[in-house]
Amino acid sequence: MANRVDDFNAFRTKMNERILGVDNRAIKRFFGVDTLTYEAGALDGKTKEMLGLVASMVLRCDDCVYYHIIQCKNEGVTNDQMFEIFSVALTVGGSIVIPHLRRAVAFLDELDPKAAKS
Amino acid sequence: MANRVDDFNAFRTKMNERILGVDNRAIKRFFGVDTLTYEAGALDGKTKEMLGLVASMVLRCDDCVYYHIIQCKNEGVTNDQMFEIFSVALTVGGSIVIPHLRRAVAFLDELDPKAAKS
Amino acid sequence: MANRVDDFNAFRTKMNERILGVDNRAIKRFFGVDTLTYEAGALDGKTKEMLGLVASMVLRCDDCVYYHIIQCKNEGVTNDQMFEIFSVALTVGGSIVIPHLRRAVAFLDELDPKAAKS
Amino acid sequence: MANRVDDFNAFRTKMNERILGVDNRAIKRFFGVDTLTYEAGALDGKTKEMLGLVASMVLRCDDCVYYHIIQCKNEGVTNDQMFEIFSVALTVGGSIVIPHLRRAVAFLDELDPKAAKS
Amino acid sequence: MANRVDDFNAFRTKMNERILGVDNRAIKRFFGVDTLTYEAGALDGKTKEMLGLVASMVLRCDDCVYYHIIQCKNEGVTNDQMFEIFSVALTVGGSIVIPHLRRAVAFLDELDPKAAKS
Amino acid sequence: MANRVDDFNAFRTKMNERILGVDNRAIKRFFGVDTLTYEAGALDGKTKEMLGLVASMVLRCDDCVYYHIIQCKNEGVTNDQMFEIFSVALTVGGSIVIPHLRRAVAFLDELDPKAAKS
């Protein structure tokens, strides 16, 4: 059931290691900034992950959406809240977002099969 | 000092009236969905406005950014929080966001000239 | 031969039902606006589907392109007309559209295997 | 009243001449393809201009939108039809299109001040 | 090992033939301009392929990225240079580029399995 | 003659100082990465600026284009080379790039009024 989630995580981990193993300072530092950006500060980590999710969805990057869905779940975002984030992305980004929304919901349901049936 | 803010609001109000005065149901209903999207629900209104701001910034629409900055200020988003939203947009969207960030900060400072000097 | 078309339609139907089964008014109403937009009015349904196709292609959303290709075929758009829509998308959107054009033509040929051989 | 329209056309003409005066074959030929794309064929010129307009609007290029509005008017597209093209762009492209819609309608009204008052 | 590279090239060749076999002058000429654009002139072919690669990466088109990686390798771009092109794309385009970067590096490693292990 | 260039540089400098004066580490570090990215390494600084220019142009950010035009001029990129960079951007990005191309050439001519007349 969770194969797609596992495959996603395995490829992500493997390629990040490959990329960070290269001697390129700008890329390494970019990855550092990326981590720093989501650390709690004036906004808590949960809010920042929600911001990352909506930004990924309007830019229509499935892998980025999957990653931030995982992070949002870890931060305690409920499914009702998740769909409200999706609705902001849909309204701002338009119907072109719908195929990404379908895949996001399918991914969410693979993460949490019980919620999908309720 | 606040001329750009006033001009922005005046043009926005005038053209919205012009557009909603046309007999086109799909456009009218889209504007209705747009309003509905930001109403408090599983997420509060403040969080939704922050989501709208980051989405607007990565899609690089200055007018949308200005509008959501006004809404965020009305919802009590502090300047420190505003810059954290900007940092998510910058990291996700890249350096291509920087000119929009400059204009966003200039707009923010026109809204609140005291904060700009601190 | 038509497996990809069937798979596309099956996933689309299943996920739309899942999404519209959630209690989120903004998303439901957005889907309503989406349907309303393509209804015949001052422009006929065929023209509107062609508009939807070219918009989907320049925004480079394969699933949206596949959906509007099906709709255009149902509205009687010929293959010669389809390729002229593609040429507008290619010129406006640039060579970055070419991989999507390849997949669009492959999808069109799966829908209508006879035309592909002529 | 029509100053913005005149300014737009004057800058467009001047810069196109400047660009086509440069000895760069790829650019010259691209401009040739751009002209060829909108010539009547399996689709008439009016339909092609409408396709160009909706594509420009979802890609959020104001100058491209203004250009195709002029072309659409010349091809006999009515204001009601224009707003239906806008509604497709709005639904496909989302609320991020709204500021461009406002400017498009303002441009349309400068082209045809009588229609704006009706 | 090189299956993905072979599949990519086979589909690309097959569909380009299908598309260029259609009687649509604008599309044919666009493909001609596309070829002309990368011919050596005031800039050499290697530089132009690097420009094509970075442009494809910030626009986030995997197939375009794969194609230009192949071309860059043929022009003698080293892996260190390739990663510097990737770093420009990452900085300009933001973290939304990262999933495309992962796939680009995986593709590069399939082209040249020895380099991947070093 | 060079007013637009001066205005561009003045606003850029003023707002960068304002932004870097804020206590936000992620934004400060992002600006550091941005500088690092264009430093000579496996590719020389001139090539990297050309990469930054073409990336900015296909993403259609006028201010980013102006900035990289200035940098490219400083690195010794000739006008013929500049137009070849523009032609890659035009082919990859499509006719939607044309209004940005017009403004880029106008900016280039303001930087170097003699070249504009030749």
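Descriptive notes on the structure:
Think of it as A, B, C, D, E and F in the order they're written, each chain with its own count starting at 1.
Just so it is clear, a residue touches a chain if its C-beta (ideal position, glycine included) is under 8 Å from a C-beta of that chain, and two chains touch if they have at least 3 such contacts.
These numbers come from a predicted model, not from an experiment.
With centres computed as the average of Cα coordinates, no chain lies farther from chain A than D.
Counting every residue number used by either copy at the chain A-chain B contact, over half are found in both chains.
Ranking every chain by how far its Cα centroid lies from the centroid of chain F, the top place goes to C. Of the two chain pairs shown, D-F and B-C, the one joined by more C-beta contacts is D-F.
For the pair chain A and chain F, the distance between mean C-alpha positions equals 31 Å. For this pair, chain A with chain C, the centres built from the Cα atoms lie 26 Å apart. Here the spacing of chain E and chain F, counted between their Cα centres, is 23 Å.
Residue positions of chain B with contacts to 2 or more other chains are 26, 30, 33-34, 37, 55-56, 58-59, 64, 80, 83-84, 87, 90-93, 95-96. Shown here, the protein chains touch in all possible pairs. Only residues 33-34, 37-38, 41-43, 47-48, 50-52, 54-56, 58-59, 64, 78, 80-81, 83-85, 87-89, 91-93 of chain E touch chain F when the two sit together in their complex. Within the complex formed with chain C, the residues of chain E that make contact are 11-12, 15-16, 18-19, 22-24, 26-27, 30, 34, 55-56, 59, 61-64. Contact residues on chain C toward chain B in their complex (touch as defined above): 25-26, 29-30, 32-33, 36-37.
Partner chain C is touched in their complex by these residues of chain A: 60, 80, 83-84, 86-87, 90-91, 95-96, 98-99, 101-103, 105-106, 109, 116. Contact residues of chain A toward chain D in the complex are 58, 90-97.
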